[in-house]
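Just dropping this structure here.
The first chain written gets the first letter, and so on, giving A, B and C; residue counts start at 1 in each chain.
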Amino acid sequence: MNLLHFVTDFFGRSGQWHGYDGIPQRLAEHLEYSLLALLLAAAVALPVGLVTGHTGRGGNALAMLATAGRALPSFGLLVLLFTVMGLGLAPVMIPLVVLAVPPILVTTYEAVRSVDRAPVDAARGMGMGPARVLFQVELPVALPLILSGLRSAAVQIVSTATIAAYVSFGGLGRYIIDGLYQRDYTKVVGGAVLVAALALATLGLFRLAARFAVSPGVRRS
Amino acid sequence: MTDSRIQGRRLRATAVLATATATAALLAGCGSSGGGDNPLGPGKAASGQIVVGSNNFAESILLADIYGEALKAKGLKVSYRPNIGSRETTYGFVKNGTLTVLPEYNGALLAYLDAKAAPTSADATDSAAAAKLAPGLELLRHAAAEDKDALVLNAKTAAKLGLTGDSSIGDLAKAAPGLVIGGSPEFQTRQQGLKGLESVYGLHFKSFKALDAGGQLSEAALKNDDVQAADLFTTDPTIAKEKFVTLKDPKNLFGFQNVVPLVRSADLPKEGAAALDAVSAKLDTATLLSLDTKVQTEKKDPMDVATEWLKSVGLS
Amino acid sequence: MDEFFRMPSDLQHSYLGLVGWHLEEALVPVLAGLLLSLPLAQLCVRFPRLYPPVLWTTTVLYAVPSLAFFVLLIDWTGQSEVTVMIPLALYSLVVLVPAIVDGVRSVPEETHAAATAMGFGPLRRYLQVELPIAVPAVFAGLRVATVSSISLVSVGALIGNQGALGNLLADAMSYHRPELAVTSVATTALLAVAADALLVLCRRLLTPWSPDRRRRTAAPRPAAVPAAPAVEEAR
């Protein structure tokens, strides 16, 4: 089996570039699910991670929560929520958010907690309140690690969002599920290549973001 | 730290590693000893073993159980591979000898083998399909029981368009560009699917939403109005329950869909074929519908439903 | 309660049978992944130039969604449990290789030198010095790989009932029995938590010198929190 042949076949098919089953549409859907899930997960995990990291308390509870979150199987949760809640975006979003919260939460907590005490004490000595210490000292120093947590979450979301297709949603998973049932390998390979490329692009994007967003004083390498 | 302490730790570490490895090996052993009679395992069946497979929807599993148990009643060795996938996959499995018996529907199989055929009777469907079968495969006698694909509208859409159970699929042509149709992923590329609806009835839908083979997803999507039209099976108990409207198929796109066992003749003894024919002779559409209801609505196990029915008709 | 444990006949397994099968399908790949990543990581430590390409390869493999991987393997390995296990083993590499490399690299230079001075050859030094010191890092990786493997097995249900406990999910939909999905998700999650706890226990037994029970309050970074998984480590 020549994978490359399937890839060229997939991208060369007529009708592949427009319409409701075209690549632009499926890619847009996939990005939409992924971004929404990442935003929701960040909205939950970042504040909790920042505050617990700042106070240094609740580490064990967080670790337990993170383990529980990782233990829940995404695909199973999706089917369970579908059978209970019926068709809708919620059964797709909840498993993705559950998947993404643990890496963001744990790295944020760790990042803020492991900030060097000396500058924090200095900031306190200068009369900064807890909020200013958190946002002006701890956050900039912790940013590279926090971004790596977000990156790891984003990559996992992108590759897991394919399961949305199992409960009739779109996204790039559509090609993989349809290809499986239509016994059309070209579709499966094309879908897999697109998802993998999107995941790697996400990875690259976060590297780039880390380069620009991190304060030069913190950057070392 | 002394030598003996290092020694002690090393011993301890070795013991833990050994235990962990043994546990893993044991678990693996448990799994595969359970998997020894696991028919889903790799490779072909042992010789003399009849493997009955099924597609990935409830009625196909039920039919596999019925045919399989009838073979067992004749003292034949049977194993099952249920819930495999769509015809696109399962037909290949019969062809390569992974499966011996697969419950099929004559018209759907024919459409898969020859998209252009348009037979006018159930028997003609059988012979047209038989002519196109891969070497070594055979269709046994079909049952009276039929389960067709059907184009179904939800109550709201039917009312809005003024369509009833007397309307035909063709009556939908004008409204179709405003509607979303749902069906199994394979429906999208099948002749007895989106392609046929376009070429035979001139239906061009706004878009296609991939659901499942007449299962819970299709029912939920149609009920929710996520899709306005869907491909369901005529034996589906929810059609009546949800007041869905089935459109007539005067051009016979969905053809004749009698239940029929597709078999590999070389692997099925004569008395086996006779047993399967005896089952088909007793199976009509009303019976199939009532058995489906027992599985899908009353939530009985398909195997129990199968054996109970075989007993009631004297085939067990 | 009965409804939750009445297994549909088409699964051809008892509840416990599914649990055993699930563990086999999830743990054998992690074990295989570990056996594969030990030499691979050692090569990367020995020849640092190899490390980036190895990391990139595992990262790219990890980016391929599991379902696509399963479907593509069907041609070679059929609709069988091997088809499910190969991708899971490959996925585990993306966590295990960096974990082992970091662990072995964390061995202090003095320790290294001391071992050499005591007359340890490279193999003995690896087995008796470097590997034991790397144990906490390796176990952190093993925990992430095991938990994710247990969760991913379920997707195998889509390639013809190869997902062990995941097969209950497909049946929950075809028979309109949502309670089967509850059984599947709850059991899978419990297995993952139990496997994780067992690994923590194993690590504690293997590294009796690690003080993590005592330093809980004072420690700057508790080792109990595993590193964020996977791709995060690839840089």
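In this section, a contact is a pair of C-beta atoms (placed from the backbone, for glycine too) under 8 Å apart; a residue touches a chain by one contact, two chains touch by 3 or more.
Note that this is a predicted model, so its numbers are computed, not measured.
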Q. In this assembly, which chains make contact with chain A and also with chain B?
A. C
Q | Most contacted chain pair (by C-beta pair count) | A | A-C
Q.
Distance between chain B and chain C based on Cα centroids, please, to the nearest Å.
A. 35
Q.
Centroid of chain A to centroid of chain C, CA atoms only: how many Å?
A. 20
Q: Could you list the positions in chain B whose residues touch two or more of the other chains?
A: 85, 89, 216-217
Q) chain C: which residues touch two or more other chains? A) 159, 170, 173
Q.
Quick check on chain A: which residues sit in contact with 2+ other chains?
A. 82-83, 177, 180
Q | For the chain B and chain C complex, residues of the former touching the latter | A | 9-10, 12-13, 16-17, 20, 24, 27-28, 30-32, 34-35, 38-43, 54, 56-58, 61, 65, 80-85, 89, 98, 212, 215-217, 295-297, 299, 301-304
Q: Using the touch rule from the top, collect the residues of chain A that touch chain C in their complex.
A: 1, 59-60, 62-63, 66-68, 70-77, 79-80, 82-84, 103, 106-107, 109-110, 113-114, 148-149, 151-152, 155-156, 159-160, 162-163, 166, 173, 176-177, 179-180, 185, 188-189, 191-192, 195-196, 199-200, 203, 207
(Q) With touch defined as at the start, can you tell me which chain C residues reach chain A in the complex? (A) 59-60, 62-65, 67-69, 71-72, 75, 144, 147-148, 150-152, 154-155, 157-159, 165-166, 169-170, 172-173, 178, 181-182, 184-185, 188-190, 192-193, 196, 220-222, 224-226, 228-232, 234-235
Q | Residues on chain A engaged by chain B in the complex (per definition of touch) | A | 20-21, 82-83, 86-87, 165, 167-168, 174, 177-178, 180-184
Q. Taking the complex as given, what residues does chain B use to touch chain A?
A. 85-86, 88-89, 92, 182, 184-186, 188-189, 207-211, 216-217, 220-221, 224, 226
